[in-house]
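In the two complexes below, chain A is the common chain; its partner is chain B in one and chain C in the other.
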Partner chain A sequence: MDVRSQISMTFHLDKCIGCHTCSVACKNIWTDRKGTEYMWWNNVETKPGTGFPSRWEDQDKYQGGWELDKGKLRLRSTGRKRVVANIFHNPNMPTMDDYYEPWTYEYSTLFDAPEGHDQPTARPISMVTGDYIDVKAGPNFDDDLGGSRVYAENDVNLEGLPEETRQQMFEIQRLAFFYVPRMCNHCANPACVASCPSGALYKRGEDGIVLLNQERCRGWRSCVPACPYKKVYFNWSTGKSEKCILCYPRVETQQPPACHHSCVGRIRFLGNVLYDADKIEGLASLPDDRLAEAQRDLILDPNDPEVIAGAKKNGIADSVITSAQESPTYRFVKEWKMGLPLHAEFRTLPMLFYVPPLSPVLSAAHHGPTSLESDELFHEIEDARVPLQFMASLFGAGNTEPVRYALRKQYAVRMWRRYKTVGDVDEETAMRALREADCNPDEAEDIYRLTSLANHQKRFVIPPAQREMAIEMMSGDTHEHKGSTGFGFRQDTIRV
Partner chain B sequence: MSDYLLFAILPYVALALFFVVSITRYRKNAFVFSSLSSQFLENKQHFWSTVPFHYGLIGVLIIHLIGLLIPDTLLWWNSVPARLVVLELTGLALALIGIVGLGMAMMRRLNVRTVAVVTTTSDWVILVMTMVQMLLGVLVAVNHGWGSSWFASSASPYLWSIFSLDPNIAYVAAMPLLVKLHIINAWLIIAYFPFTRLLHVLVAPFPYLWRKRQVVLWNDNRKTKRIP
Partner chain C sequence: MRGYGEIPVFTNTSLIVPILLLAGASSAMAQDAAEAQAFFDSNCVACHTIGGGRLVGPDLHGVNTRQTREWLIDFMVDPAKVLASGDAYAQEILAASNQVPMPQLPGLDAAMAGALLDLIAEKSGTPIAAGPVEEAVPFTAADVFLGEELFVGSQAFMHGSPACISCHNVDGVGGFFGGGNLGPDLTEVFTTLNGRRPLTAWLGSPASDTMKPIFADAKMTDGEINALVAFFDAQVNGESAADRAAVAGTASASFFYSGLAFAVLILLVFAFLWRNRYTATRTPMVEASKR
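Moving on, here comes the complex of A and B:
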């Protein structure tokens, strides 16, 4: 057992209102520089929809993540064997067209235009070339277009669905969609790190944050296709890749990342989990349908004396173990089995988990309010507007079981709370729902409280980074590093 | 005198600049070491320019390196006329492939707006210098035949005389003008090298071929960590 600590996130999709506040908070802090205008380290996608970059889930096109080659894990894109041939031109490299060409508007004409009969207009100009452009795409052009022929119908997750189900999903007036906020998953088996020829990408041992050393990146661009989530971006101006840093200067001072902190719907939970690094390769090599559930096996019980001993042996501080015991991610993912990884079939073991959304699944399933007359309490989930299979494609690596389990538990908790507060569900039905959903009143109350009432301290349980001790050990002088925590360049980021 | 300046002084200036500036920049500002790829901005022409250019140029450089390092073996190979012709034609073909690629790269940097935006003056200087060098090389090969043999017998000893700090310009003084220009431009490229994107050559990622797949870094020494 090789115990490590990892900062791990849970997004409760049932609470996401798709406001993009997270994306804007991130953009304002990290990616408002030249060359990064098009990057959205955090973005919010409408599902069904094509996402950003367009159809990023289509690995036949982008060749991201890992595949099994005779039972062995192998990078789908440029790995060790192909790097020599692909170093000059990477055949899977997405281009700016797959994202969008960033633009601004020529606002000056609003002031400078000579007096005339028409209103002056501010034409869009490219932020790359400065030329006038016709804007064709943007980072969230599929926003709320759950029935769009351009976006929603091209959702990669629809491909496995029977034609009938697809038709049903796009029926007029019965459309449903939901939001999926995405950011770097800080994977336990990151494809970007494994693909980087320079070794510029690395995973931090103490908290699992995946970072990219700007001084070691040489622009070989293997990471961009390798990340199946397309969360490593190429800075066209500096010629180097950049990615989400999980606001590590904030996390190191026990503040949640900006996207988490600003979340209006309070859908985001963040806490560290202890995991067994020895299991990574084995779990990532399982068959597709077992991947989503198997990832739970990676996470260790922080209350288990054996795990605590293993953690201490690996130099994990007591304060980090204590915070793992309080971790909301641990509760959602391991205890309650409601948090699921996004596209586990990419085999990178993403450490960001999603609680699949209940609301759009249920609402208007039968043109009317939720009915409890049926003997089958959870029939709403079975014939939901957004089919279970579609959800399973996103959160179950194709397997509907873990998704069904998570949705049933949410539904049962909702019934339980209706019994408690509204009173239109009787105790017997509520208890039966809990039982059938593998839940009990205590757990239901816990789920309800963490989901709906949790305050800042409960949602974000961040261990102290212990950096001062690391500095003491490495250089012996903490004063030398005073005020240096943070992201920045010691030199200007200019081209040679 | 000018021969001495160009073939005995210039090489040392070039090599000094190459090593001192490259090492200093690596230590002080490693950020500038990058291939500065523009594939993200334009993909199709990128393939048809960068791939032939790199393969052509690297092939030609390898043949030069063979002539420099094992001239006797090269001369032995060339002692059979058929083998000499094969080598010469291979070199010529590689050079032409490289020139086509480089030409495409220059066209791409001129014509594709987004790529033009990220092209600096130093990019253009080094593009033109490299193009001149490759064209001169082809002209030498065409006008003064069997270059692989006399490279091994004359240019190689000249270069070794430079490296052994005992410059002997007699080997090159008698060379035709085209060859002299080729040599001078080579030294100029080496001198200018550390100021350009060519720095990426020095950090070619060979260690990737044998390093462990995942990279995990601890901010402290795990073994001696004090547990609070």
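Moving on, here comes the complex of A and C:
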């Protein structure tokens, strides 16, 4: 057992309202620079939809992540031979068409325009050519277009679905969509790190944050195709790649990342978990249908004395272990089994988990007022507007079981709370729902409290960074970094 | 070629310095003479003798009487400039040397040119030795064969000099790609450099800017030079000379066209390997939905 600590996130999709505040917060802090115009370290996608970059889940095109080759894990995008063959050009890179042509607006017209009959408008200007453009694509052009022929129907997750189910999804009165905010998953088995020929990408030992060393990056761009989530971006100005840094300067000072902090739906939870690094390869090599559930086996019980002893042996501080014991991610993912990894079939063991959303209740208009389709107060999971299979493609690596379990539990908690607070569900029905969902009243209360009532401190349990210990270990001189919070490019990243 | 050793030659400067300190001004002359002799031996002998007959360049015996000292110094320091000025005597020398111009030699400044002229003048004082001329051993087929092997590099030079073919071409040698284009074509070098003795002398101490530094520490042996000269001789006077003339220039032409074909092939291969590089995702998706 090789116990390590990892800062791990949980996104409760049932709470996401798709406001993009997270994306904007991130953009304003990190990617509002020359060369990063098109980057969205955090973005919010509508599902069904094609996402950003377009159809990023289609690994036949982008060749991201790992695949099993005779039982061994192998990067799809590169390898010893292909590094040489593709040394000058990587054929699986997303193009500008797959991202979008970044633009700004000619704001000056609003002030300079000569007096006329009409209000002056700020026309969009391409940030690539500087010419006026007709904006045809953007990072969220599938936003709220859950039924669109362009975006929704091209969702990669629809591919395994029977034609009938697909048709149903786009029926006018059944139509439903939900949001999936995405950012770097800070994977336990990161493909980007494995692909980098310069060794610039690394997974930080103390908290598992995957970082890209700007001083070592040589711009090979192997990481861009290798990341199946397309969350490493190439900065054309510095000639180096960049990615989400999980706001580590904030995390090191016990503040949640900006996207987490700004989330108005409070869907985001963050806390460290202890995991067993020895299990990574074995778990990542399992058959597809077991991947989503098996990833829980990676996470260790932080209250188990054996795990605590292992953690201490590896130099994990007591405060970090305590923090892991209070981690909301541990509860959602391991205790309640509600949190699931996005596209576990990419085999990178993403350490960002999603609680799958329940769909809106079914209703239909029958020559008059709209009425509920079902007698049940909440729809049955099997009858959900968004088919279970579609959810399973996203969160279960094709296996519906873990998704059904997570949704059932949410359903049971709703019934339970309805019984407690409104009273239109009787105790027997509520208890039956709990039993069917492998839940009990205490657990339901806990889930309800963490989901709905948790305050800032409960949602974000950030372990102390212990920078002083790291510095002591590295150089022995704690005064070396006195007065700094650990952040700052020591060298300019401008290409020379 | 160093048969003119009447004057002691000091090539070791560590010896020269204490002698200079002890002997004063008269030894300064001796030191100049010694340096000039050393320079002559490592540079001039490739093309010139003093009283030994014409090689590539003229015999320098009595050269100080043929032109003024100023003219000679100017010519030695920068031959190209004097030739370019259209000087009649310079043109005459050039014509007599099969249009092989004298190279500009590094280290040959006005002072050294003066010292060399002094040396030549002194040596010209002694009459031309009338000793018996050494009879050259005729080339054998084995010499020619060894020469070709050395030229193409299948036989390595003893002191590690690079194979000639890496910079030079001889028509019909070296197979499909022929020889290099960096140095001059050597097909007719035997004629250009005036035959066996001059060519042998030249190869013993190559004087051109490019070859000098390469061959300074990697001298060819007499046997190797003999074989190479035999090989060059065969190119001009050998039985296959006529055949060679027929293929003159084809090697460089085929090299050019095969290079072109290869470049096109490489482009095609990469165009195929990377055929999907500009395939967009979004545009086709949008276009398809309009149909």
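We take it that the second predicted complex is superposed on the first by the 453 of 496 C-alpha atoms of A that agree within 3 Å, B and C clash if a C-alpha of one lies under 4 Å from a C-alpha of the other, contacts with A are read in each partner's own complex, and residues count from 1 in each chain.
In the analysis below, a contact is a pair of C-beta atoms (placed from the backbone, for glycine too) under 8 Å apart; a residue touches a chain by one contact, two chains touch by 3 or more.
Predicted model only: the values in this text are computed from it and were never measured.
Chemist: Fit or clash for chain B plus chain C once both are placed on chain A?
Modeler: Verdict on chain A: clash between chain B and chain C.
Chemist: Just to be sure I read the superposition right, which of the two partners does A:S8 touch: chain B = first, chain C = second, or both, or neither?
Modeler: neither
Chemist: Would you check which partner chain A:N185 touches, where first means chain B only, second means chain C only, and both and neither mean what they say?
Modeler: Neither chain B nor chain C is touched by A:N185.
Chemist: Of the partners chain B and chain C, which touch A:T36 in the superposed model: first, second, both, neither?
Modeler: Neither partner.
Chemist: Decide which partner touches more residues of chain A, taking chain B and chain C as the two options.
Modeler: Tallying touched residues of chain A, the top partner is B.
Chemist: Counting only touches as set out at the top, which of chain B and chain C does A:S198 meet: first, second, both, neither?
Modeler: After superposing on A, A:S198 lies in contact with chain B but is clear of chain C.
Chemist: Which holds for A:T46: it touches chain B only (first), chain C only (second), both, or neither?
Modeler: In the superposition, A:T46 contacts neither chain B nor chain C.
Chemist: Given the touch rule stated above, what does A:N272 touch, chain B (first), chain C (second), both, or neither?
Modeler: In the superposed model, A:N272 contacts neither chain B nor chain C.
Chemist: Is A:S77 touching the first partner chain B, the second partner chain C, both, or neither of them?
Modeler: Once the two structures are laid over each other on A, A:S77 reaches no partner at all.
Chemist: Could you look at A:T95 and tell me whether it touches chain B, chain C, both or neither (first, second, both, neither)?
Modeler: A:T95 sits against chain B and chain C alike.
Chemist: Looking at the overlay, does A:N314 come into contact with chain B only (first), chain C only (second), both, or neither?
Modeler: Touch partner of A:N314: chain B, not chain C.
Chemist: Which listed stretch of chain B (61-69, 169-177 or 187-195) steric-clashes with chain C in the superposition?
Modeler: With the two structures superposed, the offending stretch of chain B is 169-177.
Chemist: After overlaying the two complexes on chain A, where does the chain B footprint on chain A coincide with the chain C footprint?
Modeler: Common to the two interfaces on chain A: residues 89, 93-95.
Chemist: Which residues of chain A touch chain B in their complex?
Modeler: Touching chain B from chain A are residues 80, 83-84, 87-90, 93-96, 101, 128-131, 189-190, 193-194, 196-199, 201-206, 214-221, 224, 234, 236-240, 312, 314-315, 317-319, 466-467, 469-470, 473-474, 489, 491, 493, 495-496.
Chemist: Looking at the complex, which residues from chain C come into contact with chain A?
Modeler: 270, 273-274, 276-283, 285-286, 289
Chemist: Okay, in this complex, where on chain A does chain C touch?
Modeler: Those in contact with chain C are residues 50, 53-55, 58, 61, 85, 89, 91, 93-95, 97-98, 100, 136-137, 149-150, 153-154.
Chemist: Under the touch definition given earlier, write down the residues of chain B that touch chain A in their complex.
Modeler: Checking each residue of chain B against chain A gives 28-43, 46-47, 50-51, 54-55, 113-114, 116-118, 120, 122, 195-197, 199-200, 203, 205, 207-209, 211, 213-228.
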